[in-house]
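Next come two complexes, and both contain subunit A; in the first it sits with subunit B, in the second with subunit C.
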Partner chain A sequence: MNLSKLPAHWRTIRISFEMQLRQNFSDPFIIFAIIVQPMIIATLALWMLQDQVDQFAIFVIVGSGMTGLWSSLLFISGNAITGERWVGTLEGLVASPTPMPVIVLGKNLANVFQSLSSMLASYALVALLFGLSIEIQQPLLFAVSILFAMLAFVTFGLIMASLFIINPAVQNWQNGLEFPVYILGGFLFPIALLPGWTTPFSYLLAPYWAARALQAASVGAGTFEEMALNWGMMLFFSIIYIITSRSLFLFVLRKARVDATLGMQ
Partner chain B sequence: MLKTARMNLRLFYDGAMLSYMALFRWLQPMTYLASMVFAPLTYMLFFVFLGRFATGEDNASFYVIGNSIQMAASSGIYGVTMSITGDRWDGTLPYLFGAPANRLVIFVGRAFMHVINGYISVLLGFFWGITLLGLDLSQTNIGAMALTILVTSISTAGLGLLLGCLSLMTRNVMFVNNTVFFMLLLFSGANIDITTFPAWMQSISYALPLTRAIVAARQIVAGADLSQVANLLGTELLYGAIYIVLGYSLFTWFEKQAKQRGTLEAV
Partner chain C sequence: MNAIEVNNLRRVFTTNIGRFKRETKEVVAVDDVSFSVADGELFGLLGPNGAGKTTTVKMLTTLLIPSSGSAHIAGNDVVDEADQIRPRIGFIFGGERGLYWRLSAIDNLRYFASLYHVEPEVSAKRIPYLLEMVGLADRGKEKVEGYSRGMKQRLHIARSLIHDPDILFLDEPTIGLDPVGARGLRQVVRNLQDEKKTILLTTHYMFEADMLCQRIAVIDKGNIVAMDTPEELKKLVLDLSVIEVEMFGVSDDLISTLRSQNYVDNVSVENREQRQVLMVQTERGSEAIPDLMTLFEGIRVGKVTSREPTLEDAYVRLVGGEA
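Entry: the complex of A and B
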């Protein structure tokens, strides 16, 4: 996919976005992953924190929202191509003149956009169940961080979708990949609690930088250096993901045309 | 009489083995490891670290024990439910309802292997707890703990049988399973001291499997012997039996409805 030609495909992206959003809203598994599970995790975390709830409520809201974002990316965006295989529409998509990455991009955008509702759900829960009034201390920095996080997650989704279709064995690890990123991403507790050797793995994950940026902005700790580092890292990883996903998509399409095993798993 | 008993025993064994093999027929060893070993370990690590962050380093064993016992629910809920609902998705439900075989034997047989699986999962949880998280079992009465794990595996499989029957009436089986599993994480006391809950939440906790087993396991690790936790284990087993009876009643009702209406799928 040539990035300069992306604006020419805006209509496809919009339709793909809309279709995916409609499908997601009718899928209870997705509703569970982006609404129910983050709310249960937020409730658990807040109850565990007991008398420190006031202090950490916003941290928990952002962190549980991040769990929804990651689960959505892993289970929904990760299946963006595989899902087409399951319903028998993959061959048609590959044969259409629209580049497949454009379609997947629209789907991933919808998934990430929808999964932002995880944070809203957790916010509503904290406000209603715990009766706390929560404010984001640096809303502008928070909003910009959301945009960078969306970019990082959408592009990461391109990698996962193509990897899962290339090698179903990787997809077999899907369930096992959910919580490690909650842990390494420092979503609900600082990574300083983890053994030191795990820190480089955290640094290699865009979700870690996204969580760090959102948490810093939400508690008012978003200094210029801190936010520049977080945004820079998300941008850096997004570029890497775009370059890598381009190669992966080319591989998928070449393999589909040479092996003719697109519909087989 | 003896012939019937022998036939039912064979039916139980074959049903248990075949449904288990059918459930995992698509799994490679690596996938099995990912689902049954690695994923539960990561759940446990997440909640133990969250607990340490929330309440301090000294409380790690509270979370390790709670989440180790909770691992039985993974097999009990997901495994048993998928075994029951597998008959629907694989198209074998009409044959099952058409067969003259003993329903109770078939029904309970679906859970048997998952009780063993659940037992192994909890043992693995304790293994991770000891090797990675410093769990100290020096005061533990091993026999009492072994019985606690067995009772937990049976009671969670009982809940799984009930959920499995519900799954015959809905397409959203994973939504139901996931929600119940995560609600157990909240209400069972695996991660929260349930005495801090308001009365209505405690009522929910005590109506669920796992809750008493987790309390018993924590007492056993602290040095209690079997007689001190016998009441807890007895009640846990009773609740498991209640869930099995409820599940079986629903299963027979579902079969009756299906035959009367000529619809083997409620939805």
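Entry: the complex of A and C
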């Protein structure tokens, strides 16, 4: 995607964001996935850990939130492209003058925003039910980390979307990608508990740096060096994802036109 | 310069069959197609199911890359200059798909207006205009999922016109519509013709092509078998008359027997509720009726009439009775 053209596509991103939100809110499956399911996960996690100190509770809440964020990106954003193919709108999008990454950016932004906001609300509700403190120790650093995390997740969604355009069969990878990222991302427990050889894989995942930043800010461990490293890595990966997705989209869209996979198979 | 220029276009689809011993099978959807459409012309691509109409349109709308040959839209190559073509064309593919059912008609149009970079102040005027044009002005705020098939088809037309394109590709726009809906949609196409849009219309409804198109290309098995004005195409069968026979229970054997008669040029069958109508093209006109009746012994026969040939008869002759 050409970054210099982003302002010109701003209106398309905004409307794509709005339309995706409207469609998500009228889909019972998505409502369940982003509101009901995270509440169930959080209830279970907090019930198991209710004897722990409050600070650990917020660690669990943030970690559970990250699992929901990752799953929603993986399934809702991934299925958005497959869904477009099934309802016959993918051809209309591809044949429009707007570059596909711009359209997908708006959709991913909506999915990430929606899952993040609804999860925060549901975890707050669950924490209130358990009478737990959900006080974030460094709210400003937490808020900035959320923005960087959104950027990292939304741009990673561009890579996934391009792969989903190329072939619906790629969807089979979805389930296989869900739990490894939970574990390698250190969402619910530190990666130091994993075998040493897995650490480099964690470092290659933007969600790991997002979880690390959010957890540090929530428990008050957000030093300047720590946050600069986490934000810098998220920014670095976001730029890598944007650059990679640009070439990937050009490749997969041409391949889809050759293989005739834009329409329903 | 022609609005649409197609030269020796070919598209082959490759599929893999077999689970353990994988075999690659090639299907030629479009074999060798060439034609051109002038600015402001309404050009028809007429052919049976599977003839290659939709594949041709998908190549011209930049959604499929041809296996060989070339096509230019407004002078731009469909493969290498797709970005120049896309803002200038609008297209619809027949059927209900291609719309966001959980959004209203207005939201669908707003979304596509933004994708085509239509300025908000322009789309604010154009959306009500288009909804009025396709007869959906009073239903625009309703979700598309509650629309009838005809309403969705009309919304498709509005969507394809949101950016006021010069060139339109209408792939079987009236398929599956009831007669009233189809008539309304044909009127919309006529109005677009009056606006001097270049239109490529694909259909397998002969009367529709005859009524709307200035020129028609008949496509069969991926090749163009005839191309001319409807009047000239009809002349292909001026030497023939058509005997129509209402029957109840036409067998394949009977059709084979009819085709083997030396005075029969072609035979086609049309289903009409409980009965079939056998259409026999012959140079002998009504004189052939007594001979035909001897072949119908033991079959319940209804009304028998003789008539002048139509574009449909020319089509049947060209594609070999597969209508």
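Operating definition for what follows: the second predicted complex is superposed on the first by the 244 of 265 C-alpha atoms of A that agree within 3 Å, B and C clash if a C-alpha of one lies under 4 Å from a C-alpha of the other, contacts with A are read in each partner's own complex, and residues count from 1 in each chain.
The criterion applied here is as follows: contacts are C-beta pairs under 8 Å (C-beta built on N, C-alpha and C of every residue); 3 or more make two chains touch, one makes a residue touch a chain.
Since this is a predicted model, take the numbers as computed values, not measurements.
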item	value
Three-chain arrangement built on subunit A, subunit B and subunit C clash or fit	fit
Angle at the Cα centre of subunit A, taken between the Cα centres of subunit B and subunit C once the superposition is applied, in steps of 10 degrees	80
Partner chain(s) touched by A:88 [first = subunit B, second = subunit C, both, neither]	second
Which of subunit B and subunit C A:12 touches, first, second, both or neither	second
Touched partner set for A:130, first subunit B, second subunit C, both or neither	neither
Partner chain in contact with A:113 - subunit B first, subunit C second, else both or neither	neither
Touching partner for A:194 - first (subunit B), second (subunit C), both, neither	first
CA minimum distance (subunit B, subunit C), superposed complexes, angstrom	9
Common interface residues of subunit A - those touching subunit B in one complex and subunit C in the other	none
Of subunit B, residues touching subunit A in the complex	28, 30-31, 34-35, 38-39, 42-43, 45-47, 49-55, 172, 174-175, 178-179, 182-183, 185-186, 191-192, 196
Interface residues, subunit C side, partner subunit A - complex	13, 58, 61-65, 83, 86-87, 89, 91, 93, 95, 97-103, 107, 110-112, 114-117, 120, 159
Subunit A residues within the subunit B interface of the complex	28-29, 31-32, 36-37, 40-41, 43-45, 47-50, 52, 169, 172-173, 175-176, 178-180, 182-183, 188-190, 193-194
Partner subunit C, residues of subunit A touching it in the complex	8, 11-12, 15-16, 19, 22-23, 26-27, 87-89, 91-98, 103, 254, 257-258, 260, 262-264
